[in-house]
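There are structures below to look over.
Two complexes follow with chain A in common, the first pairing it with chain B and the second with chain C.
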Partner chain A sequence: MVAISFYFQVHQPVRLKHYSVFDIGHNHDYFFHQKNKEVIEKVAKKCYLPTNRLMLDLINQFDGKFKISYSITGTAIEQFQHYAPEVLDSFKELAKTGCVEFLSETYYHSLSYLYSKKEFVEQVDLHKKMLWKHFRAKPTTFRNTELVFNNELGKFIEDLGYDAVLAEGADHILGWRSPNFVYRPRTCSRIKLLLKNYKLSDDIAFRFSNSSWADYPLSVEKYAQWINAINGNGTNLNLFMDYETFGEHQWSTTGIFNFMRHLPQELLKHPDNSFKTPSEVARENESVGEIDMHNFVSWADLERDLSAWLGNQMQQTAMRELYVLENEVKRTKDPVLISDWRKLTTSDHFYYMCTKWFSDGDVHKYFNPYDSPYDCFIAFMNALNDIKHRLDVRHRKIIREVA
Partner chain B sequence: MEILMFGWEFPPFSSGGLGTACYGLTKSLSSKNVKVHFVVPKAPMDAKADFVDLIVASGLKLENFMLHKINSLLVPYIDSGAYNNRMEQYKRFARNSGNPEASVYGPNLYAEVHRYAEASNLIAREINFDIIHAHDWMTYPAALNAKRVSGKPLVIHVHATEFDRTGGHPNQYIYDIEREGMHLADNIIAVSNYTKNMIVRYYGIEPGKVTVVHNGVEFSDAHDVVVRKNPNEKIVLFLGRITLQKGPDYFVYAARKVLEKMKNVKFIVAGSGDMEPYMIEKAAEFGIADKMLFAGFLRGKDIERAYKMADLYVMPSVSEPFGITPLESIRNGTPVIISKTSGVSEVLQHALKVDFWDVDQLANKIIAVLQHDCLRHALIENSTQEIPKINWDVAADKCLDVYNRTIHMRIVV
Partner chain C sequence: MVKRVKEVMKKVRKERPHDEGTVRRGSIKAVPAEVSFYAIDGSRLHSLLELADCLEMMSDDTFFYHVTPTKNDFAAWVRDVFKEEDLADRMLRAGSSSRMQVMILRHLLAKFL
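For the complex of A and B:
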């Protein structure tokens, strides 16, 4: 029996503009509204709307037998509301089918767990409230930003009451073991660990249109065969990927929509295959063993570590300086200031500051509003300095009032 | 293969990037067993050591290198006024050396360029070669002459166009020479895509005729330069000819903006040129004369010292076909901000880049580098690793490819 579990990541950061040192103290708008609008509108048209339509059709077609899950960030939802409300409506429609699970994460798609557990919990709560408000959903499965995970995080999530947590099925963690079973993180007693099968996930997400790949072009028959072969040596298959795979990373001309349209039918031909949501997989399968992830593991780049966000000193400095302000920002109880600060916690800003692939170009360029990682760092630090300035102005005002 | 190359003087007596480039390219070609007949102008009053010795000392493969000197007053980057000065200089020299005979040189720059071209006939007739390679406009008439005399193909190498040198107000006479050279040449090498676009746009050349060969950079061993820095003061450096092309005015404007936000910064201007008085006046007008220091034209160790003293080097050029100084700065451990309208920005990733006219952005980025050590370190660490990839060996291979294609093209025709 193989329970196939699709999880799609839906995320859009609120991108920063080229906020200048000369803007500090004069305007407090750090965000690149025009660019954000353009990206949302473009991706809505190429990916979100047609893919949501397709998923809805598939769910209706298979009458409850086709199920999927999403993790949608708060920053994505906010921007859908502003720039493409029809996208939000189509997700709501999907939610109503009962065949869609919504996963829990940080509202701002942040790495707050690494710097402030307090902020992390608050962002997770904000996200939960958002899921309830829009989708009437109560999540029981957690996935951290970019699948960043370790033992300690597993325990922390278990203590928050979740039943399942997702992570990358990295080779160096699994060794000889297969990602196609349910595990339990070391240090945890109850929570189930679902690991991404990165080979089969990346066949769709990355290799699908790569004509130099030996298995190009990928047909549903061939792909289904690979999955069928798991029967007998695995209980479940976790296919985790960015939702933008459909129509954006892989353009519709590559045949990706056609592939997805015919895949469920092909997979369901095998009597032992089924589609399940992550919480169903966790509920229906016992852990077969313990997984020990002492160090942080993510789903990014080849390294599968934190180096994409914290690999250089600029990233570390920016992150440290950001979280230094947390308490002071929150003490103001100013919702605008707090929300501005939180938008800066979004991991993408740090990803754009990554220098390790810059000489080779590409990978981190996707929807990157900056020409270089240095430009991103400069804009970020200027914005942060303006937040400091706003705090200073408040302090001076309070001191004057007291005096 | 044998090349007849019309070039300029070699370092250390060169006055800019052109001499350095000719030297780097020739050296790499000679190491690939390409024989180069190198033709240079040489005036009698220029009291230079015979530079063949210098070449030997710096590792050129001598059996592949033949130097041909043509008596001439031409030097790179010369204009009509400067030529007249050279002529006066020559006349004084001739009087002092007791030879006040009538000058053999042209009465003005243009006449001299043609005289030089005629003089090159002899060389073209005497020696054997497969292809002609000429660097920048003053050599084009000579190279075209050589092509006529020998029937051999010609490749011209564009390091700068008249549009770069004059900020878009070309001298018609020079433009015509450039245009004729480009049209009559069999192939063209441009030092950057930026320059290629100029050639296509302003000279009406088919893009397919122009191959981009980015310059390399080669450093002699670093001097033992030690600088003592005041830890409480930041230094921003401008180094280059102080002419319209280099955008020195944007440097002064940016300095004023930076000083609005930071006090402990000094701006050093190293170089000379016709816009120096303008810069001095502007600095005074802005009330930042005490923060802006003029170091004059620097050589050798002093250049290294300037780079090393600086926390940041800025090249705000309006038009820079390539631009080697940022690479020199990086090599001396100082990160750079460069103009997007430069060839070097095509090969250097780990630099901050600005539109030269965007003074606010320039000032914003200067302040960022001065305020955030981690940014400064990241820039210098990563750009240092890029430098070895920008070398003359790669450039020489690309030139060889152009030579082969050009010769082959001729045979086919």
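For the complex of A and C:
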């Protein structure tokens, strides 16, 4: 029996504008509203709306046998509300089917776990509240930003009360093991660990339209055959990918929508295949062993580590300087200031500062709205300096009032 | 050597048919799917005999994907699942698929014949 578990990541950062040094102290708006609006409207049209319609059709067609899960960030939801409310409505419609699970993560899609556990917990709580508000969903499965995971994080998440956590099924971690079983992180006693089958996931997410790939073109029959072969050699198949795969990374002209439309039917022809949400997979399967992830593993780049966000000094400096301000920003209790600071915690800003222009250069370039990583670093640090300026102004005001 | 070991291996196979069973020290029986070896080329290995067999035809790409200066997945599997510490230690020094195959076959012969 193979339970196929789709998890789609839905995320849009609030992109920074080219905030210059001359703006500091004069203009406290760091974000590129026009660009953010354009991106949301474009991706809504190309991906979110048609894919949500397709998923809803499939759920209705298979009468509860087709199930999926989403992790939707708070920054994406906020932007849907502002620029494409119909997208949010369509996710709400999906939520009502009962065949969709919403996963827990940090509201701002941040790497806060690495720098501040307090901020991490606060962002997870904010995200939970958001899921309840919009979808009446109470998540029991956690996925950290970019699937960043290690033993310590596993224990932390278990202690927060979650039943399952998702991570990358990296070869160097698995060794001889298969990603197609449920495991338990070495440091945990209860929580289940679901690992991404990156080969089968990336066949859809990355290789689908690659004409130089030996298995191009990928038909549903061929793909289903690969999945059917897992029967007897695994209990579950975790297909984790960005939702923007559909229509945005893989354009509709590649046939990606047609592929997805026919995939469930082909897979359900095999009597031992089924679709399950991550929490169902965790509930219905015992862990077959423990996985030891001493170092952080992510789903990014070939390295599967943190180097996409923290691989150079610009990234490390920006991250360090950001979290130095945490307590001071929070002490102000100013919701606008705190929200501005938190929007800077989004991992994408650091990803844009990445200088790995080698094996993964194309991917980084594709996602980067800046001409160079240095442009992003400058805009980010200028915004951060303006936050410092706003804090200084407040301090001076308080001192004057006391005096 | 390989030829002789193979002949004996055939005998072993004949006498002890490949069947499902629980993991026990030095077992040549197949282990359950959840502790089988998941190779990068898609093959699944369930016993030491299967591993020895598979090493014969294994491409260098596959072998050296699992055996690098920092890891040896085959040795780790033998240690973790079959609890064969000595064999696993020897496999760490194999350096090639054919040498590893001979090590496994010799071990099986010494253990079971």
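Following the convention adopted for this analysis, the second predicted complex is superposed on the first by the 398 of 403 C-alpha atoms of A that agree within 3 Å, B and C clash if a C-alpha of one lies under 4 Å from a C-alpha of the other, contacts with A are read in each partner's own complex, and residues count from 1 in each chain.
Note that a contact is a pair of C-beta atoms (placed from the backbone, for glycine too) under 8 Å apart; a residue touches a chain by one contact, two chains touch by 3 or more.
What you see is a predicted model, and the numbers here were worked out from it, not measured in a lab.
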First, second, both or neither for A:Q313, with chain B first and chain C second: first
Which superposed partner A:L268 touches (first chain B, second chain C, both, neither): neither
Touching partner for A:G289 - first (chain B), second (chain C), both, neither: second
Touched partner set for A:N233, first chain B, second chain C, both or neither: second
Touching partner for A:R177 - first (chain B), second (chain C), both, neither: second
First (chain B), second (chain C), both or neither touched by A:V121: neither
First (chain B), second (chain C), both or neither touched by A:Y374: first
Footprint overlap on chain A, comparing chain B with chain C: none
Interface residues, chain A side, partner chain C - complex: 171-172, 174-181, 229, 232-235, 288-289
Chain C residues within the chain A interface of the complex: 33-38, 40, 42, 44, 65-66, 71, 73-74, 76-77, 80-81
Residues of chain B that touch chain A when the two form their complex: 257, 261, 349-350, 352-353, 360-361, 363-365, 367-368, 371-372, 374-375, 377-379, 382, 385-386
Footprint of chain B on chain A - complex, ascending: 18, 20-22, 312-314, 316-317, 355, 358-359, 371-372, 374-375, 377-378, 381-382
